[in-house]
Structure formats: structure tokens, C-alpha cells
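Next come two complexes built around chain A: one with chain B, the other with chain C.
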Partner chain A sequence: MPWRSANDIEMYSRAYKWIVSTPPILWVGIFLLLPYALMFAHSFWLVRDGTIVHEWNLENYAKLFQNPVYLEVLFRTMRMAAGVTLLSLLLGYPLAYYMSFHTGHSKDLLYQLVIVPLWVSYLVRGYAWKTILGSEGILNGFLEYLHVTSAPVSFFLYSPFAVVLMLTHIYTPFVFLPLYASLEHIPRNLVEASHDLGAGSRATFLRVILPLSLPGLLAGATFAFVLTLGDFLAPLLVGGPSSIMIANIVQSLFGTAYDWPLGAAISVCILLLTISLLVLTERLENRWSFR
Partner chain B sequence: MTLPGSSQPQAAPIAGSGDVLLEVRNLAKNFAAREVLRHISLEIASGEFLTLLGESGSGKTTLLRLIAGFEQPSSGEIWMSGERLDTLPPYKRRVNTVFQSYALFPHLTVEENVGYGLQVSGAAKPEIPGRVTEALQMVKMQEFATSRPAKLSGGQQQRVALARALVNRPKLLLLDEPLSALDANLRKQMQGELKSLQRELRITFLFVTHDQDEAMALSDRIALLKDGGLEQVASPREIYARPATSYTARFIGQTNLLRAEIVDGVARCGSLCWNATPSNGAALFSLRPESIHLSPDGAVPAGAVRFRAVVRQQIFSGSSEHLELDLSGQSLRVRIPARGPLSGEQEFWFSPADAVAVRK
Partner chain C sequence: MKRSSQLNRRSPLLAIYALLVFAFLYLPIVVLILYSFNRDGVGGFPPKHLTIAWYRLLFTDSAIWDSVLNSLLVAAAAVVLSLTLGLLAALALDRATFPGKSIFRRLVLLPLILPGIITGLSLLMFAVLRGLPLSLVTVLLGHGTALISVATTELFAGLQKIDRAQEEASLDLGATPWQTFWRVTLPNLKLSLIAAGLLIFTLSMDEIAVTFFLIGRDNTLPLEIWARLRRGITPEINAISTLIFAVSVILILVWYQIRTRTTGKEAHELLERP
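Let's turn to the complex of A and B:
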């Protein structure tokens, strides 16, 4: 179609922009911003005689900080998240380092082996840990066979230990991936230059490789921490009463307890925590990337 | 000194200032089934500027990396000042490298980059800042001490890389095509600075390049590599005037290769003939374009080889004229001082001493 005037082009491009940008805006609005707004509003309402009353107040937040249970669970969740993060880094970093620097042709195969567990259902992996850790489980059977223990050890399953173990297993690939990517991006001649200037393997790792992999390390740690913070299935599957996490409380408040306003208030707190964490890591990542 | 197992007949005398600093003995390197270096033997004198010249794939960078310690030789040895070098890890060799892409640490400032070698090798702490400043002054980069490499231009990064390699006071500096990423003007300038720096510091330079002009301008000696073997090792003047092989003659400068038949001390190539030393049989001679002279008045020196040829093409380039001659089917390149246009058949001559017998 021939263009008749500049005005037509402008009309067209405006219509085009509108058509292209509407779906994502609608999507974000309806499925993200609106739910957040509703959650935010709910956190300032309250429940009276089993119904939600739209009366603006700060009682939910007051309850949160007065009742020690909530803060205790929140701190426990953060401790467990920190544990998962640390363990995933301890497992993921050496693996990523080894694969990036010391494997030749087997690199791709190993990479696939690390990735494959991501395709296995979360629930399946949870139940797998149940059969491993339970009193009739593989681990206890093995220990008894070796005469290390005489009776089943009960704290393997239904304990914070089990939750941290299972989540570490699940989130290690999430930590591995950004770490591996950042290690792969380190130009190998920097390693050669470091050796050339008199640095041995240890000094080269500490002074060149580690600092340059910090952005990936940070991204991986953020994944593990934030995902653990919001997890509620692992405590249900392999955790006991002592390993209730903050998301379990939210779940029960929205479910059986039917106290949506309090649940929303906790969710807002978790959300703020997560956002401030992401902002912080983003800042650090920007400072530590040099390209 | 004789080299055990040396397969290089043209082991050239050492130029530099005396003692042998580095000795490469019968060094070979294979990558899988591919032979990248074929039993090379080479000596580098202390204080010398030696250039490894060759096309890409000739093995020059591999030789450099073997000396730096980034690769392990398949066979052969490297010695430096009476010490076996090839069995040491790179961080224990008193050798430093200027990398082709500079390889500056992006997370460190310029001064931290330069100080890196001193820090990791345990130099006395109070000594470090002074030596870093000194090295930066040497390459005129002290005002950028606190910048990060990403903020610097290619030429500036090059200088920092040089300072970083020199601060450790290596016995031998390896330079892997350090100027190839710079534009032509900057490259000329850096060539001059490199040369004067090397003279000043009296550090031995082993320089890798594929640019023959650069090699000629900088080197005390040139080692020309071809397909992983040493073609010739000689000073720029000698390698130009006395190329050992036809490859050398063509790679360094321009030349005419004359295929001649020698009978009883007389070489004959088409209508040309001159006295030559090689024994009877087929021989190849290199004759530089500037060794062929025009004789406008027909007068030639005694003993010269004279011939008439048709000027097929003439290209004027300021101070000189490039001619292409047709000598009964054979084409000859000639360079003469600038003079007016030429046409038709002209009289030329060359001295038999300038026709250099070369191996194939």
C-alpha cells in the first residue's frame, strides 16, 4: 500500500505500537499487578465472624511482630535458606569449576547430566528422599547392615535436616548454571597471564577466577535463597513440625485457617524481603562485572 | 657450541651481545596427529631482539607458548642460562609474556594489573608501589594508574600489558603479535618505542609477527618459520641479501626467481647467462628487483650481465619506478630510480653477485 502522507505513517506506527504492546501490558496487569494490589489491600483488612471485612487497619502487621511464632518461623526459614544456599554453593562451585576448566570432550555430556534432574518432577524427587531417609529407608538399612547403627535413626526424615538436604539437591543445578556460565566466560588467556606473572594455581584461583565468577556466584546464591524462602512442599514432604517454613504458614492461613488478611500481610513482608535482596544483589553484580 | 641432533643446516651465528640466554634443542610439538613444530633448534643471545616470523600456522606462536610454558613439548628441550626450562611450570620461569589481546585483568586497575606479578611472587611490600610507578612511567601511562582496562584504548592497553610484563624484570620477554591490533600509525610509533625500550632495558625480546616489515624494522635477527620448521635464521640485512631458500626470498621483500641450468660454472636461464659457483645441474636464483639496472646509454660495468627486454608495465611510485619486463616470455620485476616514461625494448644489466642461489 503506498503511503499518502507522513501522517499515515505516524498513524500506522502508533497503531502498530499499540497492538504490539497491549498483550504484554494486559498480561502483566491482570496476572501480576492486580494480584499484588489485591494482596496488598487484603493485608490491611481483617476477618470478623468468618468473613473478610474491608476495614483499613494495621492489626495484621501488629500481630506479625507481636506473636513470636511468625518471626521465629521467618528466621528459621531464612536460616534454612542460608543453609541450602551455602550447601548448593559448596557442591555447585567445585563442580562448575571442574567442568569449566578441567574437562575436555566430556564437557557436554557432564553438562547434560547436571541438567537432567531439572526435568524430573519435584514431587518425584521429594518422594525419592522419603524412601532414602525413612526409618525403613535405604540409608537406615545400609547403616544397620554396616552395624554403624542398631536401630533406625529417626532424625533423617521429618526434620529440618531432611528439608535442607532435599532443597539442596533440587536447587544445586540452579546454582550451578549461572556459575558455570560465568566461569565459561572468563577468557583463558587471563589464567595464562596470571601463571605467566608468577601466580600458582591457588593464587590464580583466588585473585583472578574467583573475583571474575562473583556475578555468577551471586546469581546462583540468589536463586537458591529466594526459591527456598518461598518453598512449602519440601517441609510438607520430608519436614516435621520442627521444620515448618514461612510459606507453610501462609498456605494454612489462606487455607484451613481462613485468615487471608494475615496471610497477605506475611506475603507482603516476604515480598519486600525478596525485592530488597534482589536489589542488593543486582547492585553488587553490577559492581562486580567489568565488561 | 654444537647442537645435538640439530637438523638445521643454516644455524646462524648469534648476533646480540654475547652469551646464549635461551637454547631450544630439537623441539617438536604435535597436536593429535598434526605436527606443529618439527624439531627446531635455536639459540637466543642475551640482550638480543629476535623475531619469529611466519605465516599463520607456521608454528611461531606455538614455539612462543612452549617457551612461556603454556604448552608442553612433545619432544626436545628448552634451556635458559644453564637451567632446564621446559620442565618448570610457567609461574616458575623468569619469562614474561605480552599477549596478543593484552589479557589485562578486567577487575583490577592499571596499577593493580602492573603490580600483580610483584604481589604474587612475594616481592617486598614497600617496594611494590615504586616499581609499579617506574614501570608505568616507562610506558608513559602513570596518569591512568587508577583506571580500569575497559576504559583504555587499544594502544593504552598495549602499554599497560608491556609494563605488566616488564615489572617482574624478566630475563626474556615474549611478545605475541603485540602490535597486530593497532592501526598503522600507532603501530609504527609503538615499533619505535618498543625498540628503544629494548635497547634501554637490555632485556632479551622474542617477538612473534607475521608482518615482514615489522620484523625487518625491529629485529637483530629474524627466524623465519615455515610449516613448523626453521627456514632461515639471520639478521634482517643478511636474510634479505642472502636468502637461503626460494620461500625466504619471496616472503621477505620482492624477488625474481630465475630457474637456471648450470654447466661448468656457467648458469644459463633463457637468454641470460652468468658465472655461478653451484655444481652442475638445475639451480634456482633470487634476483631482487632493485638489483636490475637500466642502462639508457648502453654502458654497463665490467662483468655485468646485460640483456634487452620489453617494458610491459610501468608504475610510478614517487622516488622509484616499478617495471615489469618481458624477457622472451619470462617476466621480470625491476625497481629503478624515478625517471621519465619508458616504452619498447630497453637495455638492462645486473651483477652476477646479486643473483643468489637459493634452495627450493
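Let's turn to the complex of A and C:
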């Protein structure tokens, strides 16, 4: 890879640099930075008599920590996100490991097979799970067909289980991709050396392969966790009242409950949580990746 | 890579596990397609009496096709918007230095990793503040802005691979920077542009989290499906989903081919590196 030295870009004139950088900076400033800033501003305002009043205060944040409902839902969301992350890793890691170390010619084909479900729309996949898990659904039909059950089982759908299952299905390919990339980057002679020096398959996996795949594992896990944290569609689609997540509260505060400032305050918390997780994992990835 | 084959010991358990993971990944898709042909609708097992009646019904459903048209319009406009800005942003990141460059880079990429609800709501507040009525235009604004992240990543990767000596030669031989851009830089980026465009198009067609908060009276296809789902399950949704799936797969296969052509060699070199 031809990395460029800093003075390479001297060939472009000042005008060229101005022309290419001004429009995107302006656009991103107006349509991304400003809206995000507006979110922060709203979180310090309040609603009085059904209108938003621009009085700066910390009441929204105080409410978040005083009312146990918000923290409870936040913790539940984090538990569910952890569940999704763990399950995606349990499905994704062995698959990535198998494909990287135990398949030969079929590698590329299998890789594309993992990619394809990634491109089926989120909504459509959620809908498919709904038709599978419902009390009139396919799973129940299947179980009755096999005479395992005689009456429809209703707890498959509209439960935290359904939400975790659906999101695991959606994020497993996302977790797989960086994992597979990091496994593919492991120099095979290290693995051979480990075997030559007398380590068994297990020791080689635990001491060579697993540590070297940590950056990929971390990248995938962060992705699954962060995106589950901010998800509000899965609970609406396949979850019940017991699986309301934090983003559902935000959504209802921006809708029927009409308290934008409080909703903004929760959004800011999600945003800060997300960004701190990203910064943390980026640091860890840098520390763990070897070059 | 060949030497590694001696490490490939048979491991049937792992192979079975991998097969099960694939089954899990494909189960909903298979179910979706299968039941779009089931006469008795979605549910029950096994599906019997295959029919294309649901597809017939779908083709007479004008609300769905209006929403498909809306989605196509938004996606096409989002491709133009985010490719233009993403190209400029990628050029800026590759070739210009300015204060706050690393902040700019992070900000552009933020919608890629932030939950859609945050980007959607932020833009909603912006629209309300500016007095913009919610419509397909606000949806386009959301898609176009959020997807600059994808365009920038793809095009930046493309720029990194261009041999800069060509541009230098063009400038040395008397072409203006403008001519160099149109005749050297852009043709070199052609495949990256097509690949990024296809990816953005597909993502925009499927987008729901940001759209949810910016939609006006005219629905995009995912929002139309969403609205119908709230009323109950109908096999028509299976039929339209199967069609979208088929189109997505075709687009993605094209995208993948192009992408392998642009980055394949590179990835190969990386894998071969000791």
C-alpha cells in the first residue's frame, strides 16, 4: 500500500483544497452538527402548558435519576443489548473460525452467503420473525404438526426473548464480518509454529488465535451492543409491554407524551453512552492489535 | 494461504454448528418467500396450496406502488446528494488540511454508528426549528445527510488506491486542476462511485429508523409496510418483501462484483502478507 508523505498533497492548489472542503464542511455543519447541538439544547429546556420554553435548567436530567422507571428501562435495555451481543458472538465466532480455518475453496461462496441476509431489510426480517413466532404462527403450526404441543404457545412472541432473538438474527452478520477479517489476518505460520512447538489445538486457540482476534471481536461486539441500545423498532414489532426499551421511551416522549426536552435528555444519555463505548473500544482495539 | 491447508483438520462438530448458524440466518428469509406463495396466508404448518394470488393482489394495490415510487425517488436523490458531498468530503480528507479535520472526519462518520433514532430526532428538531414541513424532502435530507458517511468511507478507500502520479503528470503537462479532476481523478474513481451509489441506493430503500421521524403524508415503502403491520399480517407483505429481497440481492451481487474488482487485489495482498 503506497502510503503518502505529507508533502504529497502540496501538488493541489489552495483553491482546490478550498473548493473540495467547503461544501461538505458547511453541509455537515448545518445538517448534522447543528441538529445534534439542537438535541443537546433541548435537553436543557422544558415544556410548559404544551409548548417548549427556552429556559435553561437541569430538571430533565434530575427527572431521569429520580424516577426509577427510566433507570430501570435503561438497565433492562443494557441487559438485552448484552444478551444480543453475547448471542451474536456465540453464533458468529464459531462460524467465522470454521470458515477461516476449516474451509478451502468454498470460503468465498460461504462469505457471500453470510452477507446476503445482511441486505434483507431490517423491517422485513422483523416481520418474518413475527410470522414465525406468533400464536397463529409457523413455529406453533410446526409444533402442533409434530404433536409436540396441542394448543398454541403464546409466549414466543411479544416478549423480551423475541426482541433478543430478532436482533441477534440481525446483528450476527455484523458481528461476523470484523471477526472473520481479524481471523483471516492472523499469519498462518504463527498457528503452525504453535503446533510445531507442541501446543494442542485447544492451547493454540486460546493462546494464539483468540488473543489475535480480539480487535475484531471487540469491533463486532461494540456494533451489536450500540445498535441494540438505540433500537426502538424491534420492541414495537415483536416485543410486548415487558420488553419496552429506552429508545421506545424517547419515541413516545417525542410523540404522544409530548415532552421533547425530556426525550432529548434521554437521547443525550444514549448518545454519550454510545460515544464513550466507542472511544473505550477504540483504545482497547489499538492496544490489542499487533502489527 | 496454501500451506494453511495442512492445518485444516476435519472437525464435524464445528461444521454442523456452522450449518446451524446458516440455518438460523436463512430461516426467516425462507419462511418469508415460502409463505408468499401459500394460499391460506401466513401461519400454520406445513404451507399448502401454492398460489400466486398474493402477487396478483399486490399488483393491483396502488398504495404500495405509490410508496415504491416514493422510495425510488428518495433513494435516487439521496444517491446524488450523498455521492456529491461524500466525494468532496473524501477529497478533503485525502488532500486538504484544515483545522478540525479529525473532528470533521468523526462527525461525518457518526450516523454510521449512532442509532438512527438520534439522527432522525435531531433532524426533526432542526426541521421544526426552521419551519420545514415534514415531507419526502425532509426524508431525503435525512437519508442524504446520514449516508454521506457511507459515500465518504467508500470513496476515500477508492482515492487511497489511485496512483497520484497520474494526476501530477496531468498537471505538469499543462492541464488545469479542473480538467485533471474530470479527466483523471473522476474516471479513476468510476468503479468506487458506482459501488458506493448502489450501496447507498439499497440502504436508502430499506431505511426506517431515520425516516420514521421525518416522514410527512407520503409514505416510503418501509413506512407503508410498517403502517400495514400495525393493522395485522397479510401475505401481500410477504410478496412485496420477496420482490424487494430479489432486487436487493441482484443489486448487492452487482455491488460485490464491482467492489471485488476495485479492492480484490488489495485484500488479497493483505492476506498474503506474512
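Going forward, the second predicted complex is superposed on the first by the 279 of 291 C-alpha atoms of A that agree within 3 Å, B and C clash if a C-alpha of one lies under 4 Å from a C-alpha of the other, contacts with A are read in each partner's own complex, and residues count from 1 in each chain.
In this section, a contact is a pair of C-beta atoms (placed from the backbone, for glycine too) under 8 Å apart; a residue touches a chain by one contact, two chains touch by 3 or more.
Please read these numbers as outputs of a predicted model, since none were measured by experiment.
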Next on the checklist: With both complexes overlaid on chain A, does A:L32 touch chain B (first), chain C (second), both or neither?
Outcome noted: second
Item to check | Which of chain B and chain C A:D196 touches, first, second, both or neither | outcome: first
Checklist entry - Touch check for A:Y12: first (chain B), second (chain C), both, or neither? => result second
Checklist entry - Touch check for A:G137: first (chain B), second (chain C), both, or neither? => result second
Checklist outcome for this item: Counting residues of chain A touched by each of chain B and chain C, the higher count belongs to C
Checklist entry - Once the shared chain is lined up, is A:Y98 touching chain B (first), chain C (second), both, or neither of them? => result second
Next on the checklist: For A:S21, using the defined touch cut-off, is the partner it touches chain B, chain C, both, or neither? Pick first, second, both or neither.
Outcome noted: second
Next on the checklist: Quick check for you: in the superposed arrangement, does A:W260 touch first (chain B), second (chain C), both or neither?
Outcome noted: second
Checklist entry - Does chain B (first) or chain C (second) touch A:Y122, or do both, or does neither? => result second
Checklist entry - Of the partners chain B and chain C, which touch A:L212 in the superposed model: first, second, both, neither? => result first
Checklist entry - Just which bits of chain A does chain B share with chain C as contact spots? => result 187, 189, 192, 195
Checklist entry - Along chain A, where are the residues that touch chain B in the complex? => result 187, 189-190, 192-200, 203, 207-208, 211-212, 288, 290-291
Checklist outcome for this item: chain B contacts chain A in the complex at 68-70, 89-92, 95-97, 99, 101, 103-107, 116-117, 119-121, 148, 150, 164-165, 168
Item to check | Of all residues in chain C, those that touch chain A in their complex | outcome: 1, 3-9, 11, 14-15, 17-18, 21-22, 24-29, 31-32, 35, 42-46, 85-86, 88-89, 91-92, 94-98, 104, 107-108, 110-111, 113-119, 121-126, 129, 141, 145, 148, 160, 163-164, 167-168, 171, 177, 202, 205-206, 208-209, 212-213, 222, 225-226, 229, 233, 237-238, 241, 244-245, 248-249, 252, 256, 266, 269-271, 273-274
Checklist outcome for this item: Within their complex, chain A touches chain C through residues 1-2, 4, 8-9, 11-13, 15-18, 20-21, 23-25, 27-28, 31-36, 38-39, 42, 91-92, 94-95, 97-99, 101-104, 112-117, 119-125, 127-132, 134, 136-138, 141-142, 144-145, 169, 172-173, 184-185, 187-189, 191-192, 195, 201, 223, 226-227, 229-233, 237, 247, 250-251, 254, 260, 263-264, 267, 270-271, 274, 278
